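As written, the chain order gives the labels A, B and C, with residue 1 at the start of each chain.
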């Protein structure tokens, strides 16, 4: 296989918590603790986990909106963490983001046309009439009327706003789009429309997606591969089909059992996890999941499991598969 | 497009209006109901018109002296009486509105410009820049404001313009802190993250996204500060550290008339009333603007 | 709490250093030759040279600044150009006069302001509430020097009830012990003197109290209104407790934190406002001391006067900050 479009190695983000008299760092929150993955051109990688597991931080670090504490990010083979400010700004043209909250991610004081045009202005694309024409095209591409360009974000519904956010991301013809929970703020009925739109666009423009979500069902039909995160670490990566049919990591199993299945006869055993997600400032020793794991063994409290290839070729980090 | 989304399409009447016009309408709706605020706006407008047309409405010039009619009580020919040089007090008060409004507006505009620049720098860039600028504000705020302006005038020399500069400097941290706090809030909005994600530089983010969204509190505080600036200018004038006689600045007029208060109390009474009226006007308007523009700022 | 106090105290250091820098800078920011400015155009070159040396102006500025700091720490506030007296010795009686005046004014402001605010909130939207709030609005919008002049005119000139100038009648003296005459006269047991001191205090204290009274009244009202709407007050009402008791005993306690903030801030601001009041009433406080120094271009006095007032201002704010923690157990300091 050729080189992946984006490759992330050992990404870490520690947030210091300051306290005490002189503002000494009293503890560190390990929001992301050594995450590695790669995304090939044209595919969709889903990243799934509960809130606070570091999936959004990972997405933001992958496009250097947050500077990682450690690790490397290669985009088209070059390490973007070493780029200068202006080189980085130019690279942003190829990596765009769609945000979770369609109400917060659009400046309330700009027209929709202006919002979509702005990335093109920043990257010096075309003159103003060309840009305006492209705004109209983009609006129609995402299923809105070109006529809406003069309106303001507050005049739209959540789903429509998310379409505007998508149009903004598409404006500069990016190669990679990082979608940070793009549908979780939307009504269920609107969710599938936006997901379908994203899939259509991917086919048309050969886009690559990193799709971040907190529940597995949303990711299911859009992702080629899925990474499951828990407490700042990836616990399992696999292609979606196998992940959904035969989850291997106990945490993935628990997450999957929580997905409702529309079949009254199918009575799967729902795995209810004990306790809450521990604070990332004080992760448990050993496997971070061991204190909630239904099948935990003695070793789990002592040794940190590493991400290893299992027999069928996927990556799982669990002592069960040692 | 799906039905559910079309239901939310907006009525044509409102459709082409930008947030500016829309906010203006909304603002007017809530401002109009606030009777004290309307009273304040009317007073302010009254003084602005008075200043603009002083040459037409003042019965006499600023310095038309007539020793024969010194210290005359209010009468049909001199509605507010005359002062120790036989000058018409009403005319001097009318012309004086120019000086007070000038100090009020320009001092506040000066503080807003400098305060906004510093506040944006502190809030947006944070870290070392923030520490330096915030400490600078703390130091300026460590002096009672009138005292600091006196110190500045003591250095620059007494004049109306130096008083204006002093008042502007003293109020810089007021706006600086306000803007800094606002920037810190706006900076966390997701559309700022979105702007960075499309590769936008800092300058553009500040001017296109952060400043336009920080405007309302600045306007409110600015209006209220015009009131205090006018009061401070009058105080400096009274201490002989602002406008100098024969300029018809109200505080300066009070200071030169105070020795006649026993025999001619009107020489002191009316300039003071003028100060109170214009300051009440700006205070009422500022409170009204706060309620209408920015309900979060209420206490 | 202790860690917060120490932290807050440490944060004072840069502020105090900045303060001395600004005050130190006053004399250096004067355009041209400061000694010339101080002495006027008729001064001989020799006199200018001597003054330059006396003020240390012939040395590099950082040496001057460190000398300045060293002097302040050893309690040397410089020498008055006007009368050649050490400022540190001159300043205390003035400071005491200002403290006495400000204290009395603050007592008036707190008593009148809090009660007016409470009654306004209690009888919300009544005629009483409206008139109190209109008065408060005028209070914050009024030039206090103008109010002072009118007071003098009405109560001293027209009615002849109260003296209009100074701390004492011209012919009498009080033996200064603390320089707070209210206390000194009581120590000496001279009640007629005490009464004289009180009579002199009334007019300037009222003028100085106007703005803080108005601001405290407004703050008390809004803070009380919020508390009076809360559930626990409604519960107490439902239990049949008398309204007066509810308002003064239960509600005021919880409305007090924001009021305290305002009181602290206003106490500090009063020290600045005192310069106007003292000028009008010939009150020999630190404001008048600085004001007279400005007339004589006595820069060492201007500098030290401003430094002392600013220092007090910062300290008052510091103490207010610490008081919150003692009063409101909910406030946790980071």
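Assume a residue touches a chain if its C-beta (ideal position, glycine included) is under 8 Å from a C-beta of that chain, and two chains touch if they have at least 3 such contacts.
Predicted model only: the values in this text are computed from it and were never measured.
By the count of C-beta pairs in contact, the leading chain pair is B-C. Each chain gets a centre from its C-alpha atoms; the one nearest the centre of all protein C-alpha atoms is B. The most distant chain from chain C, with centres taken as the mean of CA atoms, is A. In whole angstrom, the spacing between the mean C-alpha positions of chain A and chain B is 48. Distance between chain A and chain C, defined via averaged C-alpha coordinates, is recorded as 58 Å.
If each chain is reduced to the centroid of its CA atoms, chain B and chain C end up 25 Å from each other.
The residues of chain B lying in touch with chain A in their complex are 1-2, 4-5, 8, 10, 14-16, 18-19, 22, 189-191, 193-201, 204, 208-209, 212-213.
Here chain B touches chain C in the complex through residues 135-136, 138-139, 142-147, 150-151, 154-155, 157, 227, 231, 234-235, 238-241, 251, 254, 258, 261-262, 265, 268-269, 271-272, 275-276, 279-280, 283-284, 299, going by the rule given at the top.
Residues 14-16, 18-19, 21-23, 26, 29-31, 137-138, 140-143, 145-146, 149-150, 152-153, 157, 222-223, 258, 268-269, 271-273, 275-276, 279-280, 290-291, 294-295, 299, 302, 306, 309-310, 313-314 of chain C touch chain B in their complex. Of all the residues in chain A, the ones that touch chain B in their complex are 60, 63, 65, 88-93, 96-97, 99-101, 104-111, 118-119, 122-123, 143-144, 150-152, 154-157, 159-160, 165, 168, 172, 187, 189-190, 193.
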